[in-house]
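What follows is a group of structures, each given as structure tokens.
The same chain A turns up in both complexes below, where it pairs with chain B and then with chain C.
What follows is the complex of A and B.
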């Protein structure tokens, strides 16, 4: 679940935070309508060179439309899409320095693996020898040397996926679009292929834009994730930021598991001045949340929510010390998934708090079991305050 | 599973007898030694040699084949274009009318088609002959090929064309390098169907033909008016074989392609 801080293209790769860096792709106030339906709603976005950029969201959120506009299969109703100094909107799909890997792979069934990969190069009428070298290079890149002469229907799903990748990379596009590239693969193969994609992306330095509805996939491969909902960008951040400091309940809830408690701002903590207190229930002590330094304190009485990830909530039978937020409750349910156990704890007023513990040792007897009286607790730095 | 009862068996036999007995009789009597059509005089293939020696028959056969080749080719090209518009163009004003009009000649009585074409050629002062028969055949076989090809295009995966364009192929290049090769089996079966339709047409050809462009069915019909000879039986047998080969080949092509496509789709879904 945790997003690797090194994903994408290395530790210090962060062109989006450098104001001098010019974006490769720029969406300016792009709107796309299909009849009355607004698929993309006044969207602004910058994608930088060498990025592995993920468009994430539920189905129907507009992520595929956004990608098809980059490929040229859809035209924006309003706004412009720029690639460097060039208006992409004026260029038909077959002239764009953009290639796409289709969800269905769209391999040409009447052509062999080699011919599929060579197709794009042949359209440019490159010399035969050059095409041959490039095709060999691409086949080696995706390790399909033994299958070069086969037709698509003689390949497994994983092999087809590789052919599709090689074909879309053969023309050295400035931008590669991947539409749910791993959707048809089973779980094991998908994880393996995610790492291969990252390796290939780092090796070639091509900018990748991937569309996916699988948040783990986005977290694994991407340098930045754009979470979309109803044609709008909800948050655009690195995997770590989007997971650890979501900007809304929607984001917190979409990525991974989360406990959300609503309340009203009470004021700063008496001891630590970067901690804010949130009154959430008249019978209980206020919750305490540590704010990131530059943020100004919200006014007293405003409605806010606190989000805390289950893995940051500890569960004990004894009353804990050295922590900020403590709730008392009863174990309602335990979900054992091998590596971790998730405890569902019901507080006295009916609020369910999820707590995750790594199973460090073999479970012969649980220390905590159903109906036990327990304390769930987390530190002020382990949760975030949400405005919406 | 239903039982194969006596009733089913006899219904099937009767049905098939009704359909095919006349043709079977014709084929049997084409091997008759006797000159009398209805009296069996022993096995012989001499009437087949007689057919090939008959210059009138051979000329008519040559006309028929040329008409078939040209009209089937034209009908397939036009049918492909019509099918593309019907399947791909999305909604446009008059689409229903257009598709109705493409398919209408399928159910139009042949006499009407023939008569109206005749009137057209006469009013245009067009010399009737080889080319008028071809034009007439194109008009009705084009709808058949449009039907065959559009049924394939409906299941065509559009992402294949998008992928080709994405890789730098223009619309034209995409059509000829991707679309046509993939739908080729249905184009071939449309051609075969058009060819056989042209081969066995009598009514429309009679209306639109002129001197020097007598097709084989016309020739047979005029001969029969003078009396049925075993030669005609032999010639008809050859036609039956040709036509049924064409139709069977066309349907096999479509079916085999369909089976293969399903298998590929299943493999694509299961593969992984």
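What follows is the complex of A and C.
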């Protein structure tokens, strides 16, 4: 999960940071209301060509509404959605160069795999031979050659998912929308399909927008992730940035596991000038957090939070050296999940700190067990300071 | 003492030992099968007694000749003569009545006209019922039970009374003509009652629920996202309806048409009350044959042919239902 952008031309693919690049899709102050309920709240967003863009958030956050507005099934109450120079809002759904892969797949039950894939092409009245070639090409792309004549109810869940993907790609849309495309698959198949999706997206160069509530899925496939909450974008960044430098407690907490400690800014560290000290408890030493470059110190006394990921918190029985933040505590719980163990350590003032260690050795040789007195510690560079 | 231990041993064997011993299994399964047989037997006996036996009697009468007697046909079975009486009766049977049905054009004209009225009524019911069922299936889910109730509500009044009520609506000085004249749409009252149009109105009105209910149940099951997917792939909403909704509601369309067509073919009350003297329907012909002419054998022959004609669509309907079930499985 290093979050290297996997779309387009390798690692340097970052059109969002190039001011000369024109976006494919632009949301300008888009608001969508259902009665009194505000589903999308004054939202601005740019999506670039060849991106694999993930909309992530809890259910009811507006991510599906956002996608349905792109497909044309919902109209924004205010604001505009542009595709290049065109107002998307003026175009009815059946004329948009946008196709969608539905969560339920929405395969036509009375048509075979071939007919399902050919459906969109037939609506365009393309020549028969061309349709035939394109359908064959799509069936080959999703490796369903042996199942072309079958009806949807004769296929497994994974195969249906492939038919749905092939059908939505058949018309070569400029933008492909994927609504929880892998939700109905079991875990193993889902992981495998994520990589297939990435391969297909790279091969075709189509812009993909995926809606998901599964953060791991978003991290795996996306070039950028937009995390949504209550109709607003909370953060839009690459998977690496959104995980390592979340902009708020909400983001830090939504993506993965995190320890959050609140406190007040004390001032710069006396040894290293890019480290800030945060007073969090009167009996304990302040926490030290390395700030990103360029350094800008927050004012003394302001309320801030420190977020540190459990995998960056070390746990030892001996007092550690060469580290910035040390807390003493007692092991309360150990969650063993095979590859890693998560220790829940209660500090003397009752704060619970989670620490993750890879299980490098066999379980019975584990040195730390319940009720042990331990030190949890992390370096100043391993945590981030949050404003809200 | 030894006996007692034997018993307890045996009991132990029964409770916790060898569950797959064939003896225990047979003892367990026998009463279960009995219950099942009984359950299936009861409706079959019911059908045998109340459908098959009367039908055999009708077939028997259709092979007899009319007579001024009680009952009004010969030969009859004389119990006193035993086997010879039985043989006498069988040797008296012939197909005269059936050949008569072919010779007199009244009968095949009535059959044809009944089929025509039934087919046209089914199509009319489909045309009217489809939009009703469609809008019911699209209505907010909290309204649907009420709408369904409204469709079934007419059944709470007697069928005869409801058909009678149409006389009051359709007659020359009836509600419809009064309303149309009042609105200035027509100057002279229309003659609707005692024409085929009144029969169509009556049949479509009476059997509409049988069209709407199967249509509704097939339309309600349809996933909205299918229509969205069709529009997404470039279909206009109207085309999506033709390419997706109509084919997917085909089971409902067929079931509804059969459910209207089958009873409409043999309909008697509606053509008798609303139709005119020109309205030719086999139900009416049968009634006239039976009660006015008192020709039981010919009436029975008419009934037998009607049943044979109806068996074809009923079998087709059954086939289609089976296919649907297989698809669902």
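In the analysis below, the second predicted complex is superposed on the first by the 378 of 388 C-alpha atoms of A that agree within 3 Å, B and C clash if a C-alpha of one lies under 4 Å from a C-alpha of the other, contacts with A are read in each partner's own complex, and residues count from 1 in each chain.
FYI, a residue touches a chain if its C-beta (ideal position, glycine included) is under 8 Å from a C-beta of that chain, and two chains touch if they have at least 3 such contacts.
Keep in mind it's a predicted model, so treat the numbers as computed, not measured.
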Chain B and chain C placed together on chain A: clash or fit? clash
Classify the contacts of A:160 with the two partner chains as first (chain B alone), second (chain C alone), both, or neither.
-> first
The chain contacting more residues of chain A, comparing chain B with chain C, is B
Exercise. Looking at the overlay, what does A:262 touch: chain B (first), chain C (second), both, or neither?
Worked result: neither
Review point. Of the partners chain B and chain C, which touch A:185 in the superposed model: first, second, both, neither?
Key: first
Exercise. For A:301, select first, second, both or neither according to whether it touches chain B, chain C, the two together, or no partner.
Key: neither
- Task: Quick one: classify A:58 as touching chain B (first), chain C (second), both or neither.
- Result: neither
TODO: Considering only the touch criterion stated at the top, classify A:71 as touching first (chain B), second (chain C), both, or neither.
DONE: both
Residues on chain A touched by both chain B and chain C 71-73, 92-95, 98-100, 102-104, 106, 108-110, 119-120, 123-124, 153, 167-168, 171
Note: in the complex, chain A contacts chain C through residues 71-73, 92-95, 98-100, 102-104, 106-110, 119-120, 123-124, 153, 167-168, 171
Chain C contacts chain A in the complex at 223, 225-226, 228-237, 239, 243-244, 247-248, 327
Within their complex, chain A touches chain B through residues 71-73, 92-95, 98-100, 102-106, 108-110, 119-120, 123-124, 152-153, 155-158, 160, 167-168, 171, 184-186, 189
Touching chain A in the complex, chain B uses residues 157, 159-160, 162-170, 173, 177-178, 181-182, 260, 263-264, 267-272
